[in-house]
Amino acid sequence: MPNERRYVIRLGCPDRTGIVARISGFLADAGGWIVEAAYHTDPETNWFFTRQVVRADSLPFEVDELRERFGRVARELSPAADWSVTDMGVRRRVVILVSKEGHCLYDLLGRVHSGELDVDVRAVVGNHADLASITRAHGIPFHHVAFPAADPEGKAAAFAQLRQLVDASTPDAIVLARFMQVLPAELCADWTGRAINIHHSFLPSFVGARPYHQAHKRGVKLIGATSHYVTAELDQGPIIEQDVIRVGHADSVADMVRKGRDIEKVVLARGLRAHLEGRILVHGNKTVVL
Amino acid sequence: MPNERRYVIRLGCPDRTGIVARISGFLADAGGWIVEAAYHTDPETNWFFTRQVVRADSLPFEVDELRERFGRVARELSPAADWSVTDMGVRRRVVILVSKEGHCLYDLLGRVHSGELDVDVRAVVGNHADLASITRAHGIPFHHVAFPAADPEGKAAAFAQLRQLVDASTPDAIVLARFMQVLPAELCADWTGRAINIHHSFLPSFVGARPYHQAHKRGVKLIGATSHYVTAELDQGPIIEQDVIRVGHADSVADMVRKGRDIEKVVLARGLRAHLEGRILVHGNKTVVL
Amino acid sequence: MPNERRYVIRLGCPDRTGIVARISGFLADAGGWIVEAAYHTDPETNWFFTRQVVRADSLPFEVDELRERFGRVARELSPAADWSVTDMGVRRRVVILVSKEGHCLYDLLGRVHSGELDVDVRAVVGNHADLASITRAHGIPFHHVAFPAADPEGKAAAFAQLRQLVDASTPDAIVLARFMQVLPAELCADWTGRAINIHHSFLPSFVGARPYHQAHKRGVKLIGATSHYVTAELDQGPIIEQDVIRVGHADSVADMVRKGRDIEKVVLARGLRAHLEGRILVHGNKTVVL
Amino acid sequence: MPNERRYVIRLGCPDRTGIVARISGFLADAGGWIVEAAYHTDPETNWFFTRQVVRADSLPFEVDELRERFGRVARELSPAADWSVTDMGVRRRVVILVSKEGHCLYDLLGRVHSGELDVDVRAVVGNHADLASITRAHGIPFHHVAFPAADPEGKAAAFAQLRQLVDASTPDAIVLARFMQVLPAELCADWTGRAINIHHSFLPSFVGARPYHQAHKRGVKLIGATSHYVTAELDQGPIIEQDVIRVGHADSVADMVRKGRDIEKVVLARGLRAHLEGRILVHGNKTVVL
């Protein structure tokens, strides 16, 4: 039963009376067995959001037919509707970008190894080679792409190579697992809604470089981590998940870095999981997590 | 708009295909504007739960008519359906039971005073008189009922008086805000689903008397509080809400008592709020909080 | 025993070998029974901090004599030493400043009433009169000082009156319990190290006005509260204590305001308690909480 | 500087006036530079605890001489004194016991790989072979010891083999990283104060087998994890560290298992770190973490 095939239906559209009835009526008419259903209406923008999970074997047709039929319902509800139908029986493809820090990668690989995160990690790309060995020990290709700091042309070439490596996998998620390069606006645009970053602060505090140093200097009593979709504006994308951990006057920057890792990895993993399960609907610069 | 009148519809029944469609279709046909909708299916018991919030002014009939019509839908879905329709425009009535410790009462009165908790506190009953003054300063009647420890007859008479004082208010919630008397089974039965207790431990740890002493003795690193519905079995009722706070070796029992108060009061207030908003559906000995 | 009289000795000075030996030797020679002792050295500034709690009845002299003798030790350790000796047997004096929101005041009064916070609340000053009644119900004087928004002279006069009311109590702590007026630089300076504010955000996020609106707009997944010493630069003073609570896409600004109150009040109360127990040593713009 | 060599001095003894002066005087006389110092007195048992960290290069003698000299001080303070002097420049030796679940092992190996946990993992022993590959990818020997369930003799032989494998490494810590076998009383005794277990519940709730199933059945709103020293009585040893995570009615047992892993691994890692840094002083069945 945990492996039964499921479809995830998602819809965002202007709110009005009868949307739930229309969708659930459509599903009931087709015999659809709804396993999970969540709704949200944003009263400020008057926007309606839903995510429904249907057992594949309860429907008398395949996913393409469901997509076509539900598409008609969605367009009828509103020409502005933003919707998708995803077959969860198809394994998600993931590419992970790293630098030297391995805690997020170890964490993700552990989840993949145990089957908790049932995805196809197509590649890990690092701007350093430190994490090649652990990656390959899992039978996953590791690509080293150097980003020369003081060489704009070399850097542009590196980003072109990165793009090629990533796009070749047509990933459902591009995970910046403490990747220390700022993506060019063009890549941000092309990877919109698929690139997830972990920032090592409780955003919007401490945007940019060396957030733990900033936190230490300000004397905060909690430090945090934020997973968010990558957008062209640095550390300003829609926030998916956040968490914090307590620190004190006795914690040096190094202590904060160490303690912070433990929340970075879970905040990234939770964000990635929600993304892959189709739980996140982005609206403006905010997320609705259903 | 925050004061617009709303109806809360709740339903629990055996799960099957088409329930959501039936309910949302019913509401859509009547023009009902759904403000909030939440669903849950328990795969173990195959039981379906929903809570829907509808704007009163979107329906062309009054609450009694809604109750009658929805009752027909519910019975049609299942003869075993457990359902209710509540008019949130009618202020909830609350009776609070206390002993000497005032932190929960202060907290609740503060919420009532600010309007955050928009209820009618009909009475506070104390087995000590310590909290009479703060109660009366809010214009709320305070009744002192002594429970003589070593006098079974006197105690039975006290419980009879308590019952009379409480029942006279026909309360929607009976809040045991650190009331230190164990209710007789008969009262538990009569007040089923309406009596909410705060227990000063993270249940099921440290049932019964002096939980902070038990926690201190065991050397735990977190202490907790639990709000739950009162049942005849002490501290075994359906759990509504829980929270914890960190303690350490330097905390004496008195420190734990002090730190624990800060979670007791919020765990009780959150539980009471969820109860009054009709968010809690009890099933077996567990709660579904929608 | 919980009421045994205690002295709190605090010292901050440049670190060097032998400080602990010098202080503990001084106390041991006098027969001093140390109940609590905490130390911290900041490796960046090479500054040493200690707080020691001594039983008064273990010393053969009174607090003035202890102050004189310990002062000699402190000056000997460093002419730059910053130190104090406080007799905890003398009740601390507190003045509370409020506006309309009562949750922090209710919380503090509840703690005072129960004896948890064993202080002498000399006065509550409000720029609105909403909280006069609950204050006076506790036998505490309430003063209403109006701060006319568009009248600079009237406002200056109000601050002069506020200062007079506060200073007349020679308070050990001036608590800005959601007081909505920005103190003039002069008052900040005069009340340095005694004025504690609760800011309703997780600083340094959302400085200034309407932090919950800012948080809602940014779409954060946690909201916070910060208690800090007041300085001339708005919301930039040394942070004493912080905490957060989880929010989600379904939380409106009003929900955030409501949920936030529950952490504001505990973060303020914890900060005030630490201050009154002499646990906070300020160094630069940071606190060491011993 | 982070790699400067340090000695950790620990002492527990009956409390009396002058202990701190005696110890700090002894260190000051030798020129000892105290980097960290923590004290605690348990008022119930009147027991004094301290942990001091001294820079090795500040002392004019080696660790053996320090041990001999401090031993004299300790015995002089009390014949009942329990003390140790540890050279932190000597890498700690660790043996890890596992079954099939790999999240704790992955987590520990990640910390070792990054240098965060600077220990010598001498061996991993598993009663299943699932984690052999990831262990060996780190250059660490993996030993598979099968524990036949229904064969008491075979099981006894397996424990004898386990003991031999572990003892051969003379480990400073034996980490039961979700090892699913209950250690015989004899092993518990021999490994007293060195064997650390992670139990997947918030003890004392849900002792023994399948704690997440127990938690799900009781309907708790938070689940927890506990790291503790192993003693002969199952799940009753001195608690080192605990943490919790929120769950709700929608979480199945499988969801709890998954969410719980994220706290199990950090609670174990924090406990192990505190143990290796000599921060934990056991007294009766409780820990003092300095």
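Labels for the chains are A, B, C and D, by order of writing; each one numbers its residues from 1.
One rule holds in what follows: contacts are C-beta pairs under 8 Å (C-beta built on N, C-alpha and C of every residue); 3 or more make two chains touch, one makes a residue touch a chain.
Being a predicted model, the structure only gives us computed values, none of them experimental.
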item	value
Chain pair, A-B or B-D, that carries the greater number of C-beta contacts	B-D
Remotest chain, chain D as reference, centres from CA atoms	B
Length of the line joining the C-alpha centres of chain A and chain B, rounded to whole Å	37
CA centroid of chain B to CA centroid of chain D, Å	41
Category of the chain touch graph - line, ring, star, complete, other	complete
Chain D-touching residues of chain A, taken from the complex the two chains share	2, 101-103, 106-107, 109-111, 113-114, 116, 133-134, 137, 254, 258, 261-262, 266, 269
Chain A to chain B touching residues, read off their complex	17-18, 20-22, 24-25, 27-29, 31-39, 41, 58, 246
Footprint of chain C on chain A - complex, ascending	40, 42-43, 202-206, 218-222, 224, 238-244, 248-250, 252, 285-289
